[in-house]
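Take a look at the structures below.
In the two complexes that follow, subunit A is the common piece, with subunit B as its partner first and subunit C second.
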Partner chain A sequence: MVKKKASIRIFLLFVVPAMFIWITVVLIPFIYGLFITFTDWNGLSMDYNFIGFDNYKSVFLDNTFIESLKKTFVYSFSSVVFSNLLGLAIALILTCKIKGQNLFRMGFFTPNIIGGIILGYIWNFIFAFALTSFGRMSGIEFFEKSFLTDPKKAMIALIIVTTWQMSGYLMVIYIAGLINVPKDVIEAAEIDGAGWWKKIRYIKLPMIRSSITICVFLTITRTFMAFDINLSLTAGGPYKSTEMISYKIYQTAFSNMKFGLGQAQAVVLFIIVAIISIIQVTVSRRGEVEA
Partner chain B sequence: MKKRFLSLILVLAMVVSLVSACSKEGADKKVESSDKGTTSDASKEETNKDDSSSEKVEISFYSTQTGMDDKFEDIIAKFEEENSNIKVEYIAAGDNQLQKWMSLYASNEGPTVSLMDPINIWENQDRMLVLDPNENPWMDQVYESAYASYIFDGDIYAIPISTQGYGLLYNQRVLDEAVGGTFDPDTIKTRDDLINLFDKIEASGTPATMITGVNWSIGMHYLALTYAGYRDSREIEKTVVEESRAGTFDLANDEVFNSLMDTFDLLAKYNYNKSDPLIGNIDLDAEALATGKVGTWFMGDWSWVQLKDIADRDTEFGILPIPVSNDPSDERNLKIPASQPKGYCIDTSQNTVEQQEAGKKFIEFICFNPYAQEIISDTMGATLPYENVTVKSDSPLADATAWYSEQGRTLDISNFILLPSDFWYENGASMEAYLSGAIDRETLATQVSNYWKNN
Partner chain C sequence: MKKQKSFTYLILITLLIIFIIPFYLLIINTFKTTQQFVLNPFSLPESFNLDNYKEAIRKMNFSVSFKNTLIISVSTTLLNTVFSSMIAYVFSRKDWKINKFLFMLLVVSMVAPFQVYMIPLVKIFGGTLGMSNKLITVIYVGIGLTIPFSVFLYRGFLNSIPKELDEAALIDGCSMEKTFFRIILPLMKPIMVTVMVFVGLGSWNEYLMTSLFLTKTETRTLSIAAFTFLTNRSADYSPMMAGLVLGIMPILIFYLFGQKHIIEGVVQGSVKG
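This part shows the complex of A and B:
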């Protein structure tokens, strides 16, 4: 009886506040958002009509939505691959006990502390002025025009900046994983005659599998929902060629004033990201190794 | 026991922070009221007199005019000084003026007075107060024609803040040197005259003109002229929009569209930014015109805000109309598009009658008080569309707009309110693609027509 009372008290103390926050800031807005998808509300008007699943129908019939979904896939895939490779490479180098490794770690991590918006503006300046000036002075035609005014190069610019920003963060997670690889295993491998590549391939990578899972999961969700860099670096331009899905949803809701449609697009994005993440996590969990 | 105590403290701390976060709103209000307390303490004798009669009315003012935040705060301070029973909260719009507005309304904090674009007011007129000149005699000070963008079904919904015109801004010194003498804008009556002028400017060693490749400039200010300004009457413009929506309007073969685009091609051919037309940097472009690196610029009198602070700039600037034909008797070639792009409206849906009345007082003050007029005219470099304005703007571009207005040489573009609020964003992208050479005119016409079908 006393035990039961105590557990109720603990429940009230620990779970209720957290539940309260979760319900008010996650659950209620989510349900309200779902409700809006069935209306033609423009976000401001005093009244609205129920239109059933019309918004969802228009999401899939809208070519521009499918297009920006494709662009998001390209951007997301490239950013996930490059930022993880780069982050892992830096982590491997910075766990080799080289001189000044803490300074390097700090340096590579810094881009993550700068917010996406500011970062976007800084790189905007680099692409639009610094690189073009360099191009004009050196006569290299590739750099003479801004990356941001060419549809293909603007997408590359987005991937470069995202990779640059995220790799430092991933590096930290990878370093944590690499430090925890038991020394005796590596020593044993060395005695067996494993070179640096074999040590990475057969010892380190399998041992940091859980770090890889976390990093890939993080990058997939973050790149799929990338917004701030998209806004400040390219603003969807030139001529909407880099309008990725989150930015597209924002424009639908707040520029086109189709709040219901924008919300329906957001729900579709939510489902896509959820499916990808679940697949990714279950697949990579299967191969994790415990030391 | 110790642990238990510690966890209890932690939980308490969390609950307290949660509660305080949730009731931030309440806390703010408390601070305000305690502020009030101190002011009334300071001037107890004054407040004691009319304590019973006057309750302080709190209103809010939402502004979408960029770069004016400090100035509006100054005007508000002066207003509050003169109207001690009204408190005005200033809310500045961020990058996306609609988003902030929508979230304010969503949280039931719709601003009492909002300074918005005509289309935003039109789309939300069911929330707005109809301003009746019979009840509000001060409204007569506004030029009647300046209400054009804010009259819906015969009712006035907002008071315009300024009249602004645009066209080809020019640097007088550069053009004087090009023509060898004093350049007179009235010598440009046709498109060929303009080509002639451009050739002369280029011959003098300066690039002739400049387009800033941004969606709001070429998508709204240029392309939208297809729907408002260059046709014979507002009724015809309305029909064009209706037919466009219905998908029956043949844009590709439309005379106005093609005339405008012919001139656009001309501007693009002589464009100072031709090598990278979408670079779109308004500050660099302003600098280029101000220092005479280029002769003309497709932009509006509002850019005086950027021009005036540039060191070593030239002093004389003017505005040229955009000629759309080779007929010297075509009046459209002599006029510049001008309108009242933003107006003050009052919300009725989330504000009490007292707040609405206070809002009216505030609008009257901000429009007609000499102190406010001087600030607005100075910072915006704009022409005020009111009678008996004593302040004089130092902007030669505002003077040019005023001169065209006085001569009756402005194109009425108030039908811009017929264009949906995303017109500039969606079609601006098509215009950017056209300017960069990615699509031809036919594709442009198809894209714009498709835009209408989806709206």
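This part shows the complex of A and C:
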């Protein structure tokens, strides 16, 4: 009896406060959000109607949503490839007994401590003024017109900024993986006459497989949810050419005042991210067994 | 061999310059007038002209936004630490069924992107409860959103602290609260630094969630102030860039002193989460 009372006291003191906050901020909004997707609520009026699965139907019948989904795939895929290649390359160089490793690491990591909104604006100035003026001075036509006003190049601008930001981040994870590669294995390979490429291809890369898995999935989920840079660098423009999924949800809800539809789009995004996470867990489990 | 080494350094330094050049261009142009900037963004400023900073400070309401950002990030970080570490302690020490169930719920919820909660949160806190334009709303929501991740990391760390330690204290007549605050909490310092850096930096840079609740000039954070300043586009670019520098300065100074902890915190935070 005494023990049970004591347990309840501990539960109330230690568990309830955190759970109360979490339930009110995460659980209730999540359930309420599912409820909203079955209504035609506009966010302002008091009344709404139940419309069944109409919102979900509209999500997939809406061409602009499918378009933004495609753009997100393109953006995500390119950013994942480029930022991982660059991050891995820097990590490989930095783990080769380089002096001032810490200083380099700190420099490459800097973009990650600054919020996406401010980073986006910094690059806004770079693309709009610095690069164009570089184009004029050097006579390279490609740079003369701002990337951000050209529907074809605006996406490239987004990918550049994302790669620039994330590769420093991935570099840190790759360095941690590379440091753990046993030195005697590398030395043995050197004695056998392996050059730098063979050492990377046959020893280092296979031994940092788990870091690669982490980095790839981290970049996929991050790029699928990207919002801040999308807003401050291109604001979805020019002519909606860079409107990606997170930004699209925001627009649907808060510019077009279609809360039910916006929430249904958010649920679709949630399902995509959940599927990616499930794949990640299975892939990394399988890797562990083999290793 | 030596040639190869200097070639490596050359590549590294070139790469680093490309990485850092946006910040360099940003800073040198804040000392110029807008005309000088548009004419040639690469030229060095003629003098350290601080007019742009003065104008940015005035238009961004810098001191107010700075204060708001500081209040929000410090409160979110501290309160998150208290609530999450306490619940994680009981999760790690008591294998009650309800604990297992609650912990599983928290872990599963980490998968969901913020966009799923965004609209309902605005409706509930902004609409029904009328809590818009209050810093406390952003702090409360911020804590709620970061709890799963912090609990996950704290619990993992606590599992590695031997149970015999608290059992000894309990036998000596210490209550569970006392054991936690006097004995366990001090041992959690390394993981706390990691979590606090991650939560603190995240909340300092937060834009989307904050922008949904804080719209008045008096309640703006630095991110929102920078955003509003830059969207009301006049053609006056130099003060805008000074505004951006003001926005990143506090965090850069912080970074210079604690770079090791910050890099570790940011990276470990999301790798384990």
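Couple of notes before you dig in:
What we mean here is this: the second predicted complex is superposed on the first by the 256 of 291 C-alpha atoms of A that agree within 3 Å, B and C clash if a C-alpha of one lies under 4 Å from a C-alpha of the other, contacts with A are read in each partner's own complex, and residues count from 1 in each chain.
Going forward, contacts are C-beta pairs under 8 Å (C-beta built on N, C-alpha and C of every residue); 3 or more make two chains touch, one makes a residue touch a chain.
The structure presented is a predicted model; accordingly, all values stated were derived computationally and were not measured.
The superposed arrangement places subunit B and subunit C in clashing positions on subunit A. In the superposition on chain A, A:V273 makes contact with subunit C only, while subunit B stays out of contact range. In the superposition on chain A, A:L13 contacts both subunit B and subunit C.
Look at A:K240: by the touch rule set out above, it reaches subunit B but stays clear of subunit C. In the superposition on chain A, contact is made by A:N42 with subunit B only, not with subunit C. Shared-chain residue A:I114: touches subunit C; no touch with subunit B. Shared-chain residue A:L85: touches no atom of subunit B or subunit C. Here subunit B and subunit C are compared by how many residues of subunit A each touches, and C touches more.
Once chain A of one complex is fitted onto chain A of the other, the partner contacts of A:I21 extend to both subunit B and subunit C.
By the touch criterion defined above, A:I140 lies against neither subunit B nor subunit C after alignment on the C-alpha atoms of chain A. Of the candidate stretches 127-135, 145-153 or 253-261 in subunit C, only 127-135 runs into subunit B once the two complexes are overlaid on chain A. Residues 13-14, 17, 21, 43, 259 of subunit A contact both subunit B in one complex and subunit C in the other. On the subunit C side of its complex with subunit A, the touching residues are 8-9, 11-12, 15-16, 19-20, 22-23, 25-26, 29, 37-38, 40-42, 83-84, 86-87, 89-91, 94, 96, 98-99, 102, 105-106, 109, 111-124, 140-141, 143-145, 147-148, 151, 176-177, 180, 201, 204-208, 223, 226-227, 230, 237, 240-241, 244, 247-248, 251-252, 255, 259, 262-263, 266-267, 270-271.
Within the complex, the subunit A residues that touch subunit B are 13-14, 17, 20-21, 42-46, 128, 132, 144-146, 149, 151, 236-240, 251, 254-257, 259. Residue ranges on subunit B touching subunit A, taken from their complex, read 7-8, 11, 14-15, 18, 96, 98-99, 101-102, 105-106, 123-124, 126-127, 213, 215, 275-279, 281, 349, 420-422, 425-426, 429-430, 432-433, 436, 438. Contact residues on subunit A toward subunit C in their complex (touch as defined above): 7, 10-11, 13-15, 17-19, 21-22, 24-30, 32-33, 36, 43, 90, 93-94, 96, 98, 104-118, 121-126, 129-130, 133-134, 164, 168-169, 172-173, 176, 214, 218, 224-225, 227-228, 231-232, 246, 249-250, 253, 259, 262-263, 266-267, 269-270, 273-274, 277.
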